Amino acid sequence: MTSSTFTEMPAIDRASLQSALEDPSKDLGFGSEVARGSHKRLLNRDGSFNVARYGLTPFSSLSIYHWSLSTSWPRFLGMLAVAYLGINTLFAFGYILCGIDALQGEAVTGSTEIFLRAFFFSVQTFATIGYGHVIANGTTANLLVTLEAFLNIVGVALSTGVVFARFSRPTAKIIYSHHAVIAPYKGITALEFRIANARTSQIIELEAKVILSRIEATSEGLVRKFRDLRLERTHVTFFPLSWTLVHPIDENSPLVGMNDEDLAETNAEILILLTGTDETSSQTVHSRSSYKAEEIIWNASFAPIFKRSREDGILGMDVGRIHDVSRLG
Amino acid sequence: MTSSTFTEMPAIDRASLQSALEDPSKDLGFGSEVARGSHKRLLNRDGSFNVARYGLTPFSSLSIYHWSLSTSWPRFLGMLAVAYLGINTLFAFGYILCGIDALQGEAVTGSTEIFLRAFFFSVQTFATIGYGHVIANGTTANLLVTLEAFLNIVGVALSTGVVFARFSRPTAKIIYSHHAVIAPYKGITALEFRIANARTSQIIELEAKVILSRIEATSEGLVRKFRDLRLERTHVTFFPLSWTLVHPIDENSPLVGMNDEDLAETNAEILILLTGTDETSSQTVHSRSSYKAEEIIWNASFAPIFKRSREDGILGMDVGRIHDVSRLG
Amino acid sequence: MTSSTFTEMPAIDRASLQSALEDPSKDLGFGSEVARGSHKRLLNRDGSFNVARYGLTPFSSLSIYHWSLSTSWPRFLGMLAVAYLGINTLFAFGYILCGIDALQGEAVTGSTEIFLRAFFFSVQTFATIGYGHVIANGTTANLLVTLEAFLNIVGVALSTGVVFARFSRPTAKIIYSHHAVIAPYKGITALEFRIANARTSQIIELEAKVILSRIEATSEGLVRKFRDLRLERTHVTFFPLSWTLVHPIDENSPLVGMNDEDLAETNAEILILLTGTDETSSQTVHSRSSYKAEEIIWNASFAPIFKRSREDGILGMDVGRIHDVSRLG
Amino acid sequence: MTSSTFTEMPAIDRASLQSALEDPSKDLGFGSEVARGSHKRLLNRDGSFNVARYGLTPFSSLSIYHWSLSTSWPRFLGMLAVAYLGINTLFAFGYILCGIDALQGEAVTGSTEIFLRAFFFSVQTFATIGYGHVIANGTTANLLVTLEAFLNIVGVALSTGVVFARFSRPTAKIIYSHHAVIAPYKGITALEFRIANARTSQIIELEAKVILSRIEATSEGLVRKFRDLRLERTHVTFFPLSWTLVHPIDENSPLVGMNDEDLAETNAEILILLTGTDETSSQTVHSRSSYKAEEIIWNASFAPIFKRSREDGILGMDVGRIHDVSRLG
């Protein structure tokens, strides 16, 4: 959550805006605000929305569970370790507060030793090891043991649940070429970019939708418009290798007659929406990305990505080359 | 389950009722009974059905599992704690019934101490800590240990399973504005309400269906009718911010020419059905709610909810303002 | 698997059979064999198929996992208990085979005591209690401990996995009325039966397909035909109470002009296929059942099932009465 | 990953290739490369793609998680055992490095005994048994215990998560007959093969798509073409027994007039794509396979697979006979 200062904006005259939009279904749900000519991108390269939400209660906006699901593995395991050490430290102080006789079996002197004895006893209890050379003495300390053992059951259930939820989330990891290109194509030109599957699991029945978002001058002033870019091919049954998506810039294309400066001036953004089926989990997966004007290379084409083994003749693909572009002429 | 008294109702003359309904598919499955003019709401604000079911066997109607899934986290953890204490208490009495020699290693006197020793021994056993300063002695006590250790495995499996099932339930938490409004719209008026996503996870491909349910006078008498309210827009591809749903009250709208008293008198209820895809789990999620006549504000419009940061220009939304309405004129 | 003796049947002249079927898609996948006039039901009342499969390898046909998923909870927990006792018994013998000195800390005499000491030590080890008053001594016994501790991890993972899979299986439990009825309906008659949801979770978007399967005389001889029975209503959006499915026996119905003896003679079976969405899990659920001729009551109608509370006016349903039928005339 | 050497291939003139393909959607996503006349099969018999991908980072290409999911149970449990022994060996050396006094309670002499004492102490700690006859002494050794207990929690969560993910993966295991046949059919011939469900769970709503892939001579030279093979029946509602898929070789079939040598010369491959619903998990499942020319038997038909029990009349199927073919004439 950024702490930027915000200015209030006037309510929108929706009715007048409405009539200016040819097809209201084309604003995709970003809301009429985006028509106000922001120069920020709508979609980040990783597919997240470039918007901010305020006013959610901390609990729902922090949403520990969603964070646990979507953060990286090192951060997730780090959080588990912090929770583990925190619980044991808290209980160590608890046992110390029960008095010097609450833990028996190992004579200690000095505050560091007292803390360490209590901390390691807590570890042995929370992790249910229970060597028994140190034991709790008295009702209060034993109640702490009872609580700590319960927290173990809850903690194991929660961490196992989250770990599995991380595993079972059906996610597509699609590599998009760093740049889109405007390449020669059948006597005209075409907007092209290519994608590959970064996972070893298969994606099948992959569908693509490509939308041009740009500022257009209308009788209402400058408004952001959303226009479909027709693809040579919108669907592949299998996706074992790479897929080059091609939008021919013919007379029907909203890109016809534009050059790179036009794209930059109209604050254009190419939005890409992919939907497919992850074969391992049999669930639908989504991927999004976008190209801004400065991420489009004019008069270039993609370098070859396929290899064929000399011995076995099996078709291969070098994923590392997916971003390679050759500038033409 | 309420313990209200019920009166038997006569069987319905379905055939005659049938002919009175123009389109039978419009009763949505509430059954022909609701046509009998109940003044209760059909859908509660949280989307649950305002009906009661009797005669299910206790096991299936109580349905511990569904309760475990749908109750709040504090109640769920409370239930786990009660089960944990209950099991340990039961086994404590079990060890006591095995006789004073069944537990060895700690001399106790007095019934409280005897119980506590047995209880804490049970905790050490059920949680598999096993310090060993108290041990079970004799075949019966050791069989109790064997059983308690088995219950641990089953209990951990059950609680972990339920915790994960709670995590993995794909649920949409949609915030509906407290009130719907009748607002000026393009020279006519429109019924409007707005919604936002209360979760940090994204909902995509969200579709809305809005239905007016009201009592109408027909040749058969008063019957409850269900009529679609056409929306300016029924679908958004993305839902990163808020969505104001707009039903224009034109000449085709069943609301045309009605005022607030008409709505109250006909016992009208606006039913809302949302269906979308939760992006985190890639599963379809549903949300329902309804507005009764008294929850509709006439001649009002929604206050602005968008903010734009002064520095970074990123579009933001203040969810806390979703309920804010400005009365007009 | 029954051990009945089987007779070989000649290969089928599929081509000639094919031409005899008006619409091949109507055999539902039971295969052309069922056309041979079996008098057995195709679908059992619980929706399983009344067929047998042979020749699968024991591992895949027994399929412990599917059994674990679909058996009742008492049987499943019983199987877990048997596995738990079995593992501990095996390891008890293992420790005994390591020699009298392999376990230390408790002097025992007599073979029963030796076994019990080893068994309870195994329990303390497998369940990871480890009191420590008995310990393993020597490399072999400690390797057994190492193995047993590993089996605990695997066993906990397997049993937790299965428990959760049992929880997360989206299943519809639909109560079908014991009998279907032929009731008066708008001057003609209709085949009717009713269903209710036995679960507390909601089923939405429920669709029904009803098919008549019967033996018909054709130029090819007696063949089993499958014919759709058109429903007054094939779909409900919500299913909070009960649903009476109604097939009007008009001039287009394959049942027109038939009586109960005709149904019995043609070996008729009414197949019901339901598909809906379980709201708790957001997954598609299926339910099947069937009525044979002897399960259809002629000239009867269903007793009322709805109640309305005197005080709060909330609509209620007594599920226990779903099977109640009143014979007419 | 094979270590074959690869030769670079020239970039493809996509535009010219494009015009040569009648319907671009028919290349299924294998990419235009396959049009270059490879004589390798596209789909392996088990449905995996016969292609190789290079250049993925080791982490994503190895993908421990996907390997854990898709490997066999013995290999998966073997990997768990290796990890278990490896962790305990590592910690054993850790405790040894803490010095001879780090573990107390059992006097040992000789390096083997020192290692074994440390290894078994690690087992007792990692598995949280904690007999207590050997205990850690000193801060460093106790910190190792603290770490090991944490690894237990993480390890149990990970292994339980993977075990459950293995259980919950909706997979169809379809048995395809070893060979397809060209059999007499209604005066012409038909390509036929048959399938059965190898699982005890039911698959419903099964759909099949059969595609002929072969090299064809065009004005552009030899290119690989993909052509649908029309089926007598493309869909079964139920799949309790076996299903024989039949493509009649009529005048519209791309196979009309071809013999076995033509198929081999054109490097033909029959691709089969199945999609159905696994009833246990209610999820969509996919299965793929293919037949090369040498796996098609001409002038043969499938042997009968059905049996009917003499006593109970229930229809049965002998899955073991699914591959049995009778050569004709």
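Per-chain numbering from 1; labels A, B, C and D assigned in written order.
Simple rule for what comes next: a contact is a pair of C-beta atoms (placed from the backbone, for glycine too) under 8 Å apart; a residue touches a chain by one contact, two chains touch by 3 or more.
All of these numbers come straight from a predicted model, not from anything done at the bench.
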Original post:
Given a C-alpha superposition of chain A onto chain B, how large is the rotation in degrees, taken in steps of 5?
Top reply: 90
Original post:
Same or different for chain A and chain D, where same means more than half of the interface numbers show up on both copies?
Top reply: different
Original post:
Cα centroid separation between chain A and chain D, in whole Å?
Top reply: 28
Original post:
When the centre of a chain is set as the mean of its C-alpha atoms, what distance in Å lies between chain A and chain C?
Top reply: 40
Original post:
Listing for chain D: what residues touch at least two other chains?
Top reply: 124, 128-132, 156, 160, 162, 164, 168, 283
Original post:
Which positions of chain D touch chain B when the two form their complex?
Top reply: 128-132, 160, 164
**OP:** Quick one: which bits of chain C touch chain B in the complex? Just the residue numbers, please.
**Re:** 77, 80-81, 84, 88, 116, 119-120, 123-124, 126-133, 155-156, 159-160, 162-164, 166-168, 173, 185-186, 196, 198-202, 204, 206, 232-233, 235-244, 277, 279-283, 301, 303-304, 306-321
**OP:** Would you mind writing out the residues of chain B in touch with chain C in their complex?
**Re:** 2, 4-12, 14-15, 18-19, 24-25, 28-31, 33-34, 38-40, 49-56, 60-61, 63, 65-66, 69-70, 124-125, 128-132, 135-136, 139, 142, 145-146, 149-150, 152-154, 156-158, 160-162, 164-165, 168-170, 273, 283-286
